[in-house]
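These notes open a run of structures that come right after.
Both complexes below contain chain A, partnered by chain B and then by chain C.
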Partner chain A sequence: MEDICQQYQGVTGRKISFIILLALVLFGVSIIALSQGPSSVGFRESFAALFQDSGLAHGIIWKLRLPRIVMAIMVGCGLALAGTVFQAILRNPLASPYTLGIGWSAGFGAVMAIIFGAGLYNEYLIAGNAFFFALLSSFLILGIAKFKRSTPETMILAGIAIMFLFSSLSSLFQYMGTMEEVHEIVFWFFGSLSKVGWKEISMASVMILFPIPILLKWSWDFNLLAAGDESAKALGVNVDAIRMLGVVLASLVTAGAICFTGVIGFVGLVSPHITRMVIGGDHRFLLPASALVGAVLVLTADILGRALWAPQVIPIGIVTSFVGVPFFFYLLMKKTREYW
Partner chain B sequence: MKKLLSVQVMVIFLFCSVISADLPARALQWQAGGITADKNREKNIRIKDAMGRSVEVGLPVKRMVVLTSDALEVIRALNAENLVVGVNSGIARDTLFWPGLKDKPTVGRWMEPNYELIVDLNPDIVVGYARHPAQDMEKKLSPFGITVLRLDFYKIRTLLKEVEILGRILEREKEAGQLTGWYRKKMNFMQKRLKDINDRPDVYVESYSKHQTTGPGSGGHEICVLAGGYNIASNFSIPYPQITPEWVLANNPHVIIKATSLSNCYAMSRPDPLKSIRNEIMSRPAWDNIRALQDDKVYVMASDIWTGPRAIIGTSYMAKWFHPDIFRNFDPEKLHKEYLRKFQGIKYQGVYVYP
Partner chain C sequence: MLHVQGLFFRYKNITVLKDVEIGLNKGEILSIVGPNGAGKTTLLKSIVRIVKPDKGTILIDGKDASRMNRLNLAKCISYVPQALPSKFPISVFDAVLMGRRPYIVWKPSKKDLKVVADLLKSMHLESVALRDFDQLSGGQKQKVLLARAFAQDTDYLLLDEPTSNLDLKHQMEVMEMISGMVKKKGMAAMLAMHDLNLASRFSDTIMMLNAGKVFCTGEPSQVITVENIKSVYGVEARVNRNSGHPYILPIRPLN
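Let's look at the complex of A and B:
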């Protein structure tokens, strides 16, 4: 018995050390991001400027580089968390904010607010509209699931249908729009961290950070859901409530992550998988670790996107896939046993 | 068995739909032979269009469908508006600027027109951009004897040549000569004054989207250089790259020019939309350290005078902003007035720049 306990502690210890390692990596990458930029503010000045009250270096660090880093971390965390939650409650490895169409509908909401609020750039309107459309599509998916007693596969199919619907609606805007609106939408689909300031971050952080403790609290329930709805119910999990609220919270997180930055699609799907391959499917560890993986992925992608072709920026949405896909394939090939 | 039956039904259905989709096209092609024969030409000329292709055009041109507002402006300047029998749907919305065209039939969007509507109007030629609509336009329209003419009129470098070509096609060489002559005169005036400048101000040119600049190969870069500025994105390799706000800060430009594609500037009476675009730039984080903002040299310009036949007016504004001393007594607005009165037959109104 003691032996098993010891083994369990050993495994848990490894998982915790993986999370600590990820946190350290994220810290390291943040430091690189903070000290890199086209201006003359180099490594040392960057850190000195962190503690200054004014001056050019202060402006560059506090108003340009830091918001970018914070937002990259939040977007990565948010999308990865939402992906993990969707995968857990739908019991489907294909689930993610984008494959479920929720990212696209949130994006459509944001694009709509950007275009119809012409000139009146209003972050509340953008975030609110993104969330509204994210919720709309997630309830649509849930509704289909509820009425038809459908399988997780049906949900994914419904999600893909929604993805097409909203990407078509966005294309329609693009088709009808003026030159300016077309550019705005095209750039939105590339994803960009340049447009984010502290005001946007404070909006997004409410939407991303507030659901985190609740989701973490539900980790045991998510674990039990993996055994199937009946077993989970038998073990006392209120499956319907968890599923419903889980979708609402994950939609909120998704909307917060993308409403100011645009399409950064790949993170939500692969971060949970990458993490699961390393530490397994226990959501107590999977949720925080996956969030950190997402953050590292997005922040690394942003550094590369700014550096590879400087001073031209390769949009973050594009680089994320370039970074994530090969890494994901590598893990897929390396991992011999099934992990899902 | 049931499954097999349904598959068969599906195959038959698919087959029928393919056939029926193809039928109207065949019928049209068959009819088209007759229409081609109807058109009698007095003479044919060969011209080189914006794609560098040699195109044969039958003269005289009596009916034309024009898909681009840039071409329409030149056509009006050549006094040939009466030959236009169809326009793109955007023109109909801009009735103030196009009083003579407001009742003309529309044929859809400039980049994707409805070919059936075009054929219905039975034009001799259709004018589009080099790259829009796509190349299928020629395939669709040539069976009906309609010549597709691709002329851009939005690049300042090729504008005059294209005006001359259109002048030949519409047999309005005299009018074309007047327009190109005026253009050359104004351009020479500007270039002569700019010849001896040794300091070009550093300019950040922002395209329609936030943090998207204009590199070589874009119209924005071209007119910035013509106006005596140094585009800080001069050594970029793509025309419309995304950049970081920090890069602009690091380059510390003297002047910032922001392009905007507000529609209907001609009908605008107050500068508020342009002003709010400028205010947004002025309030970007950390940009208060940029020289252009400190010296209040941030300008917003509408696409009406940014590209297209009126690019010379946009260029003049830029030249005055870049070199206020050299162009102290020069008024770009007067130039604009003169152009509209002389070549477009309409009075000057609207807001195009701020401040």
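Let's look at the complex of A and C:
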């Protein structure tokens, strides 16, 4: 009898080790990212500059490279978390901020704020509008799920419809906008980390970090939702409330992740799947691990995007897909077990 | 004692349950039988408040269930549904550990883990403890769900057709586990059943439900009769009473 307990604790220990390993990997990748860039501030210099308070190197590190790294980590964490939560509460392996159209509507909100707030670039307006539109489409999907007893397929179809709606609305802006606005929008659609400063980061981190403890507290409830609404209710989960608030928080996280960086699509879908393949579907471990996987993915993609074609920078959104898709295919082919 | 009084449930314009009364004492097994659509599942779901009844009260040891919050209700009544979502990607140990959820705040305690380990051992599931739930056979899955309900440590256990889709041996094992637990821990179990013979063999009381109404309630020998089966199921049957429990042999459907 002690035997099963010990075995189980062994498995749990391995899951925790995986999370620690991911944190170390993320740290390592961050250090590599810190020493990379168009200017010739190398490994040693950049590290030293981190702790100096003057000089050119200091400026490059603190004003350019570090914000970029921090934002990449935030975006990766945020998209992966949102994807994991959407997959759990909709019990749908295809759910993610982008497949549900929520990323696109948040993006539309941000673009709208950028254009109509022309001249007065206001990060509160951008973030707020992104969140508003993210919530709008989340509740649309939730409503469809509730009233039509919808299958995973219907939800994704609804998401695709929303995606088309908002991407064509954004295109309309492009069509009618001035050159400058068009440039802004196009840039946004590629997904980019080059425009972020500490102001944007602090705004985004509030939106991404604040829900994390709540989501972690709910990880049991997310696990129970996987066993079906009926089981979950019978085990004391307030299913409707969790689903509603879960969607609100996941939308907030999504909006935070993309309102300053644009379309970085693939992370939210694959990070939970990659993580689930390694440590299984227990959200107590899945949530933090998947957030770290997302962060590593985005940061690595950014390093590659800057290194591959230097000094040209390939937009992060494009690289994420180039890195993520083959890796995901590889995992799909290699694993025979199904997780959904 | 679990007491259901004047329970009504309406779905759109159809009355699914009509004035249902139940009294279930601890240490007893009550089987609810009746044709498809008689309201068996809805009755169980109303009691655990998966669905909300239109009228009626449910008293658990004298306390009104509608005034309890979900978490406290989950400490009183456990429920084993008829089916799970097609994919349930979690290990057997974790699946059973879910039953401890009403007691867990942040992380499972040593006691929670021990309860799960003991149950897995006593139900002969140790060999599959770390396997994926999805990889198990139907019979093993049902035992795991039963273990999850036992882990919930409640006085009342509600099961929706626990033996459907199981082979003969698993049917017997599952029913013996239920009746064993009821005797050992003084629980009470309420089962929605299709198999009248299993119901009559293992139940203290059988309630026959027809079109949402209680047709009759009583000991198996009182309820399982040729006339009752004829009027509720519309089936001509023979009832054999030689083995102590009534045993039915269906002959043909009546029109």
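What we mean here is this: the second predicted complex is superposed on the first by the 336 of 340 C-alpha atoms of A that agree within 3 Å, B and C clash if a C-alpha of one lies under 4 Å from a C-alpha of the other, contacts with A are read in each partner's own complex, and residues count from 1 in each chain.
Note that a contact is a pair of C-beta atoms (placed from the backbone, for glycine too) under 8 Å apart; a residue touches a chain by one contact, two chains touch by 3 or more.
As the structure is a prediction and not an experimental result, all values here were calculated from the model.
Under the superposition described at the top, does placing chain B and chain C together on chain A give a clash or a fit?
Here chain B and chain C can both sit on chain A without a clash.
Anyone got the angle at chain A's C-alpha centre between chain B and chain C, nearest 10 degrees?
Apex at chain A; the opening toward chain B and chain C is 140 degrees.
Check the residue A:8 against both partner chains and state whether it touches chain B (first), chain C (second), both, or neither.
A:8 sits against chain C, while chain B stays out of touch.
Which partner chains sit in contact with A:67 here, chain B, chain C, both or neither? Use first/second/both/neither.
Touch partner of A:67: chain B, not chain C.
For A:282, select first, second, both or neither according to whether it touches chain B, chain C, the two together, or no partner.
Second partner only.
Between chain B and chain C, whom does A:164 touch in the aligned arrangement: first, second, both, or neither?
neither
Touching A:124, do we find chain B (first), chain C (second), both, or neither?
Neither partner.
Which value in Å is the smallest Cα separation between chain B and chain C when the structures are fitted on chain A?
Across the overlay, chain B reaches chain C at a minimum of 27 Å between C-alpha atoms.
So which positions on chain A get touched by both chain B and chain C?
Overlap of chain B and chain C footprints on chain A: empty.
Touching residues of chain B toward chain A in the complex: what are they?
Checking each residue of chain B against chain A gives 109, 207-212, 215, 236-238, 241-247, 249-251, 260-263, 273, 276-277, 280, 285-286, 288-289, 303.
Residue numbers of chain A touching chain C in their complex, please.
Within the complex, chain A touches chain C at residues 1-5, 7-9, 11, 91, 217, 220, 223-224, 226-231, 233-238, 276, 280-282, 284, 337-340.
Over in the complex, which chain C residues touch chain A? Could you list them?
45, 48-50, 70-75, 77-79, 81, 83-85, 87-91, 93-95, 98-99, 101-102, 104, 106-107, 113-114, 116-118, 120-121, 126, 129-130, 132, 134, 152
Which residues of chain A touch chain B once you look at their complex with the stated criterion?
Residues 37-40, 56, 59-60, 62-65, 67, 119, 121, 175, 178-180, 183-184, 186-187, 190, 192, 194-195, 197-198, 306, 311-315.
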